[in-house]
């Protein structure tokens, strides 16, 4: 018989307990702990990339038209469905999503675990389409601007180029720059301010990543 | 005449209900388990529950709903904990506190031996009455633990009977109060060479009888859902918890009475405190410490341990006592 | 007075029963971590009970798979009153990443009344302590109403 | 012979025997056709048996005053043919306290069992024949213990053996009944033959068959032939008492016989063997090294105790388990005066087993369970019996076991013989093992879960419960007032056992032995009343507090699924039938003793040839021991 813990037990009896006295003493989380989500609606551009990448399906949004014809978008994060993987924050080009070190997330009533924010998304003021490198930029449909959601995608606004390389649909594009950032060949240049979308044909390898990642389905191949 | 009978009756009732009966058992037993839990926690480098935690547990359980499973035999199921508790209190009444015992004369080692069976038996029957298969496994283990503890306990008690009997010139002494008196006059039994192995063996029996680590196979909450108590809820469970607490008190105070009976001053109140202090020490050493440094054994290991190591020690003591050492 | 005593004791001695309804074990490990010397909820009177009959708080982890749904509900039924159901981690609250799977029945609140949700995947032990403390308060109110 | 003469109590012993034989005769004369009444196929025959046993019991109870309290030894010569020429010519009945003690036990057991039989035997065929044999068996045993003549003892042994064999075998439809009866017949006949041989040897030596005269002649004239005779007689009576090594027979016989007969086999037949052995040891051969003889008896008793209790732990059948316990307890009986309590609680247990068999049709521990909900009274009665046999205070088993421990340990201390110390330890441990096996029975028969097929089981008829109730009440009463019982029954019997002189002289023989005043070592008497009072007050106090505190609180349930709430907890699974099998219950114990159990398993082959061989070996060993040690 062997009692390896005899010494341990006796010495511990006379030493201070190693307890973290949490409810009585604050216990801050470690740096970079991913806790409660904070959403900054003022910077959100409603690209919906976060919703697309969310594994747990925790992110949703509603949008209502206000009297100006603008969309009032409410984006909510259900912490009760979140895996705190940080992917949404990672993908958010505008850094609107942030995972804080606050871990006090207790839900007793409905809504306790919902983080949400509302912002107004201005309706697009029909800027002149600037087909940078898309010769087949079909001007046929000048989009009625009525529904924000493409309710009639019957005919694609932009014809595919046919060579496998991407083409932009300016009516859908919100210039979020994800395609540019995700392009493995760095063939895309997107300028949000100037609303420019440019493809460097030499660098493009027609991999299709940009179309894949586009949250608005504004790229056709 | 009637007045004196009435007063006598009142005194008896006082013994049974207050000291050293129910109230005393309740308070001291709970306190002992509280201290035990605290000490175990401290040995594991934890803060541990407050010492009054067993009281909280008890009152909380009293306030819970009692569920009697449809498959259970209702009366047995509900009565079993009460019988067990009553039997334990009766044992406590017999255990002398340095010469003072509430009911001397009828206390006898063999009676104690059998009375110790009753709480376990009550728990077993209650478990059997619940109809749960977990309780079935638990009661089987409890029964084996009883068998395991019985042999060393018998040997220890016979050795004591022989030692005291030798010294008293009667050859044999089964009476607890006699044993207590002998110790008051001649010093504690632990000072005798032959009694040292017996004391060690008895100390090893304490965790087995009280069902604490590492011999708590019968109530193994992680493997068989609390075993015997799997179907108990509410007040009956509270009574079981109380019984366990009283059993801790009973076993430790029996240990103190048998081996440290000579310690004390002669004033009952002070002796009571001293005995309780000794009980605390015994609990700390034989229950808490053992709990902290061991892991649960398998039931056949429990049996083997008791029938070899512990019984061996007790046997050595008996042989020594036989030859008058 | 006695009633008060019981209510006070109820708040000081909540026993947990833990049900894993198909969890990835992350939450389970955290729940165990809460019992370790580092956090030691026993100092608040918490204890893991082995049987639902002895429990006050039922802690459910996991996305409530189809197979486990029946068992979870039955076990919760078997807990004597007053009782409190706590869901721990995102799975039982919504299904988390398993949402929409053919074999997942989450959220649990569709089937029973859930008192406290502890968010996190898995929740930090401190968060668990927070949640359990909330559950204890609820328990005490429930006991007071009995 | 006038009427006053007829009511003289000196006639009562022969009346007690004769009513039983008369009853047997009347029943037999009434033919073997069952009556039309389906509720009582035996018809009036059952009542005749009942009246006969009741009358017999009454006659014996009437004898308590003169014999037990008055200390008289009744000598009764049949046909008034007494002693002529210094030799006993006539056939004598001789009733001292020891005889009466056993006779009372037997009569009680027989009477209770007869009450029980009326409803129990309803479904059996050949019931009329059953009652004939029943009365014969009872009469035989009673005749054996009251007889004052060793040849008469042999005759009675023969009667009871064949009645018992027939009663074991008469249920031909029961599997194993014939086999059991055959085994019993073979070994029993060996035993009877041994007794006859012993008797012949004694007669050849002393030219008399009267017990008292033998007892007066044997001292001082001991030779090897006497020792041989004693060995034969000892083995002969051992087979009747089923002590080791004859225990396997009992298990088979009990298993096959109806419960009412099991009661007789365990409570009556074995007692007759014990009585025979005690008579031999303490009366006839008391001069030949009583100490060594006692030691042998105690040794055999301890072995019986331990072997049979472990065998019982391994059994799967309720009745077989009881059978082994029966012998285990006989070990205690041999060691001391445990006989009365044993008859009471073992009878009760067998009747409970019979009740279970009656209602469910099986005694297999693996198939039963949860009967306490259906048969609450039987359960309570069984528990009383189980507590008694396990020696749980305050029931009667504890009182007698307590005396055994005290006495054996005192003996060990007085004689300095470690062997007696071992007996104390074995007895205490055996008692715990007994408890274990009754926990096993209660778990697998009365508690636990009710199998589907026994949903419609009902409580047994009142008649059967009454029989069990009588025994249970006796168990409790003798447990509560052991002092009075000891004073009334046990102590006179114990004194009588040691007081050979007065036995001999009262028969009219001269003896060199003085009618000594026996110093019956009062090992102390367990007085449970005070203790019980405390327990009752304690229990009352707890119960009052519990009831006041709404112990059985049931709140308004919050869940809609009320029936799932009251289901058993199965880790969340739906309730299925699940019972911890009796065989697996004490795995932790059996595992450590597996080699022992394997050995015992191989040893108990169930082949009658083996058992016959055991008998021969035992006889040889007994002869060797007697020759060397005495």
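Quick notes
For clarity, chains are labelled A, B, C and D in written order, and residue numbers in each chain start from 1.
One rule holds in what follows: a residue touches a chain if its C-beta (ideal position, glycine included) is under 8 Å from a C-beta of that chain, and two chains touch if they have at least 3 such contacts.
These figures come from a predicted structure and were not determined experimentally.
Following the contact convention of this document, A, D is the list of chains adjacent to both subunit B and subunit C.
Central chain by Cα centroid: B, whose mean Cα position is closest to the mean of all protein Cα atoms. When every chain is reduced to the mean of its CA atoms, the largest separation from subunit D belongs to A. Looking at which of B-D and C-D shares more C-beta pairs in contact, the answer is the pair B-D.
Centre-to-centre separation of subunit A and subunit D, using mean CA positions: 88 Å.
Chain geometry summary: the mean Cα position of subunit B and that of subunit D are 35 Å apart. One inter-chain figure worth recording: subunit C and subunit D are separated by 58 Å, centre to centre, where each centre is the mean of the chain's CA atoms.
Chain centres here are Cα means. That of subunit A falls 65 Å from that of subunit B. Counting partner chains per residue, subunit C shows two or more touched chains at residues 37, 40, 43-44, 51, 53, 78, 80-81, 146. Annotation for subunit B: residues 41, 44-48, 62, 64-67, 134, 225, 230-231, 234 touch two or more other chains. Multi-chain contact residues of subunit A (touching two or more other chains): 17-19, 21. The full set of touching chain pairs reads A-B, A-C, B-C, B-D, C-D. Residue ranges on subunit A touching subunit C, taken from their complex, read 17-23, 27, 29, 33, 35, 55-58, 78-84, 103-108, 112-113.
Residues 370, 372-373, 376, 379, 383, 391-393, 398, 402, 405-406, 409-410, 413-414, 418, 421, 424-425, 428-429, 432-433, 435-436, 439-440, 442-443, 446-450, 524, 526-527, 530-531, 534-535, 537-539, 541-543, 546, 549-555, 563, 565-571, 575, 578-580, 584-589, 591-592 of subunit D are the ones that touch subunit B when the two sit in their complex. Of all the residues in subunit A, the ones that touch subunit B in their complex are 3, 5-6, 8-10, 12-13, 15, 17-19, 21.
Partner subunit B is touched in their complex by these residues of subunit C: 5-10, 12-14, 37, 40, 42-45, 48-51, 53-54, 56, 78, 80-82, 143, 146. Note for the complex: subunit B touches subunit A at residues 39, 41-48, 289, 292-294.
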